[in-house]
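Both complexes below contain chain A, partnered by chain B and then by chain C.
Coming up: the complex of A and B.
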């Protein structure tokens, strides 16, 4: 029946590809579109949290820490509720990670606090004996890049329709407004911190990387 | 043909001899498993050699026959022979198996990863409940220690002493500084029936006297100013059966209130651990803390 087709290898390959691709598309796309809708309560990151996310990516935290809790009892006992696809709707890129040298951080905001992160990032071994995590003291002096974070937020809002400024969602506004909001959020975090140079920097209108990173980590819930 | 059969037999003998030469020691013991293995190896070699011989022979001597199909590719054609019956049976069998798999064994959309997770949780909870229905004190302390090491030690330290002031020292109830801080600033948010504690219940020397007395574990004569505390915390400081926080020990009520609501104090903030531990585990934590209480 199909002998005529077998004699046309290129045409045959194209038809084969189209057949398999079509099957793949109708199998994958509808479910994927459904699963990737934001879950109720998932919000885009504020400017400060995005700046902290940039620090997280820059210092390759995702090389050792995953952000994906699998549905196993052993895992949900330790890290909390398993992850849903919709929770990553505003993660660009997602930071699932592929290796757990350190623990998962998907919901670290639920069980660690600002002052714990402060102690831990300055000297991890001081709170977790025997840890292999290196210290990140440079985060206490480097200044976070709020403008780039704003640029990213503005871009995803304009291009992908991320619901900034919508009702019940984080405010973005103009660059000046976003910077003011980021400073206000940074002040709240600095108030819970003990490091004097960080507190001074925030009082002077600068946001050290550690403050942005803690804002990001606290937002992971 | 004959020379090939002789060659095959020589190969078999050589392989068996080589094996015996290398691993012959293994046949000296009473254990027959090595001899069985050797027999198996012999069978595999014999079957392999004679199967190869059969097909080599076929390649050498067989001539193709049958009707050619219409098409050919650059002179290479194909016979219209029927497919081998064994192959055909396996093909039909796999179609039947596919239908069984699809409609009976693992029907479409019937598997759920989350369903599997829920079953795992239920099974685990049932197992936990059955195993620790009436735990002894030692069991509670041991369970409390393992829960502590996983959930609490990252902040309170493996020795529960709070890592040099970074978190509450759980081997003591409260230090004098902490009592003074609570008297000065009040305390709220633990959700006790008595409600929030107002700031400035006592001042100056009175506050000092209370702080020394409470930090010392409420031993000896209570200072007169302690009357301001005892109206809620009780004359013995034990919180009047869960109406207000116990000032002497970590008790079950205090444990579950702090785990549920978290705690903000002069040291820093402890997050809520709501829903992370079950009742037995919370009790176990209390037992563990009381077992490591300093000075007792």
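Coming up: the complex of A and C.
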């Protein structure tokens, strides 16, 4: 049937590649432009929130927590309004996850507080008995990487035109300015926390990972 | 080529990749077992500080078994099957030999670096594409080297028609090259801004687009790492070991081109009820169901290859491994389409039924077939008899029980949780808080962990058997033609 093709392996490879690539060309490309429009009100993350997002990624929180609310009553009752495409316009990478070992976090900022997260991250079982979540005490001592967060914000602004510094959008500015803004935001969060070493670190101009992470989680609405 | 002039195949690269298959298999599966026990007994999550948490270890497990164990197995069998069905030897070409050695060396280094970076939390977070950009570049280099070796070997062949196994290996090379490149498009932030960590990068795609590209990749990485090369293996090793002809050439052609055309469409089934356009979700759903045809085409072709020779199933554990692998392939490829149906997906998505599905595929199909291939190759590459048949039999039954424990517990866990998430009481309030749906899973998590542990025990038996074969099996005076010789 196809004997002739099977004797011409290089031509075979070309035909094979076209067959494989076909679906991607039809599915992926046409939709690219219109999917990444931000919904009204969606803003890029501040430097501190971005640093928190990096902590979230570093410890693969997305391995167990989704950020995608499906349009079912049981999900909107539990987690809030179902997700819209435009809400993800500044999410690079997306963090939808594929498994809910723990609950969805898309709008966790609406119903959890700094205080709740502080207790929960230090010892999840003290807040949610029966939980299978690990404790994250190292986040209270590790220092968040604000400079890399700035580097990312700078890059997405320069390369992808993310509207930092635009009117009504988060300010980015120079590294020094961004660091100062991140410190200011960190101080507000630390003021709501009770862990003394975290408070001391922030007072000394350092941002523990937990502070950045809470800033990020609080921004999820 | 005259039939009486014996080609001397070069198995040095095959042996190297056989070694890494076993090494990375042990590491990847061990981490998997640890993860399984952590879910059943959460106090185990904090034994190694930040380096032992579920989140840090999970990418290590998935990358370890997919790109450590499975890819090693694919490369080992490629360099074995490739030489033999193309009727050429690597030692005929200094260039290809060098390429193959470089391929192995760079691959090995990359996987070791992957282990280190993932433990440190250096990850892009995109599933099965977690490695950061410097490692991605390394991957591209050795993937291209594999391609050079592959097409170089094909160019030197003495057999005019390329055998079906070669088609499948070729499809893996081409598809993964395309998918990996596009999904890992990322901008290193330090290079653009001059600040921050050199290892950090940001995805070229945002939000829904990123999800779309990721699952176009993620689903098809499964296709072209866990499926097509393994089909390539069974098309060679089952007929060879059993001494039977492939049942139908037409069916193999149909199943091959069908699979190639349909598989890529099915990625959308990972995004059902998400924010990607509806037509794509439906397309993913429909094509997933269509996918049953080419998948079962190959599997049935393999089962019917045994026609009239089923008694070999009683006498040879190696045949048992391959037939059960093919059967698990059928189970997995009917289960996947069922989960892709929208109404089923509404319950199954985000639950443990998904890892359950993945594992009946990878433990039953990929794992069994890869180990069977290595068992078949061992007497040929080491020129020794397989060390112990009874050990192989024991391993077979331990691992079969392991897989059954694994997927049955995860089926129950997944459906239980999916139903509890959506349960309402008589007043129209949600019946369960989230934690209720977690604590109820504890017994199933325990059963799964025991299943995983049994599989790992079986894998150690496999490793021991291969090691003893290589070092102290009875030396063979000539290469076996079909059934692999094994000491009782």
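The rule we apply is simple: the second predicted complex is superposed on the first by the 188 of 221 C-alpha atoms of A that agree within 3 Å, B and C clash if a C-alpha of one lies under 4 Å from a C-alpha of the other, contacts with A are read in each partner's own complex, and residues count from 1 in each chain.
Please note the rule applied: a contact is a pair of C-beta atoms (placed from the backbone, for glycine too) under 8 Å apart; a residue touches a chain by one contact, two chains touch by 3 or more.
As the structure is a prediction and not an experimental result, all values here were calculated from the model.
Undergrad: In the superposed arrangement, does A:128 touch chain B (first), chain C (second), both or neither?
TA: So A:128 meets both chain B and chain C here.
Undergrad: Is A:83 contacted by the first partner chain B, the second partner chain C, both or neither?
TA: Touch partner of A:83: chain C, not chain B.
Undergrad: Is A:40 in contact with chain B, with chain C, with both, or with neither (first, second, both, neither)?
TA: Neither chain B nor chain C is touched by A:40.
Undergrad: Go through the superposed model and pick first if A:21 touches only chain B, second if only chain C, both, or neither.
TA: The answer is second: A:21 touches chain C but not chain B.
Undergrad: Please work out whether A:7 is in contact with chain B alone, chain C alone, both, or neither, and reply first, second, both or neither.
TA: Both chain B and chain C are touched by A:7.
Undergrad: If you count the residues of chain A that each partner touches, which comes out higher, chain B or chain C?
TA: Of chain B and chain C, C contacts more residues of chain A.
Undergrad: A:71 contacts which: chain B (first), chain C (second), both, neither?
TA: After superposition on chain A, A:71 lies in contact with both partners, chain B and chain C.
Undergrad: Name the residues of chain A shared by its contacts with chain B and its contacts with chain C.
TA: Correct list for chain A: 3, 6-7, 71-72, 77-78, 128-129.
Undergrad: Considering the complex alone, what residue numbers of chain A touch chain C?
TA: 1-3, 6-7, 9-10, 12-13, 16-17, 19-24, 27-28, 31-32, 35-36, 54, 57-64, 66, 68, 70-72, 74-75, 77-78, 83-85, 87-103, 125, 128-136, 138, 142, 145, 147-152, 154-156, 158-160, 175
Undergrad: For chain A, which residues are in contact with chain B within the complex?
TA: 3, 6-7, 71-73, 76-78, 80, 82, 110-116, 119, 126-129, 192
Undergrad: Across the complex, what residues on chain C touch chain A?
TA: 38-39, 42, 45-46, 49-50, 53-56, 58-59, 121-127, 151, 154, 160-162, 166-167, 170-171, 174-175, 178, 182, 187, 189-190, 192-197, 200, 202-203, 205-214, 216, 249-250, 253, 257, 260-261, 263-265, 267-268, 270, 273-277, 280, 283, 346, 349-352, 354-355, 421-424, 429-430, 434-435, 438-439, 445
Undergrad: Considering only the defined contacts, which chain B positions touch chain A in the complex?
TA: Where chain B meets chain A, its residues are 69-71, 73, 113-114, 116-117, 120-121, 124, 150-151, 154-155, 157-158, 163, 166, 268-273, 276.
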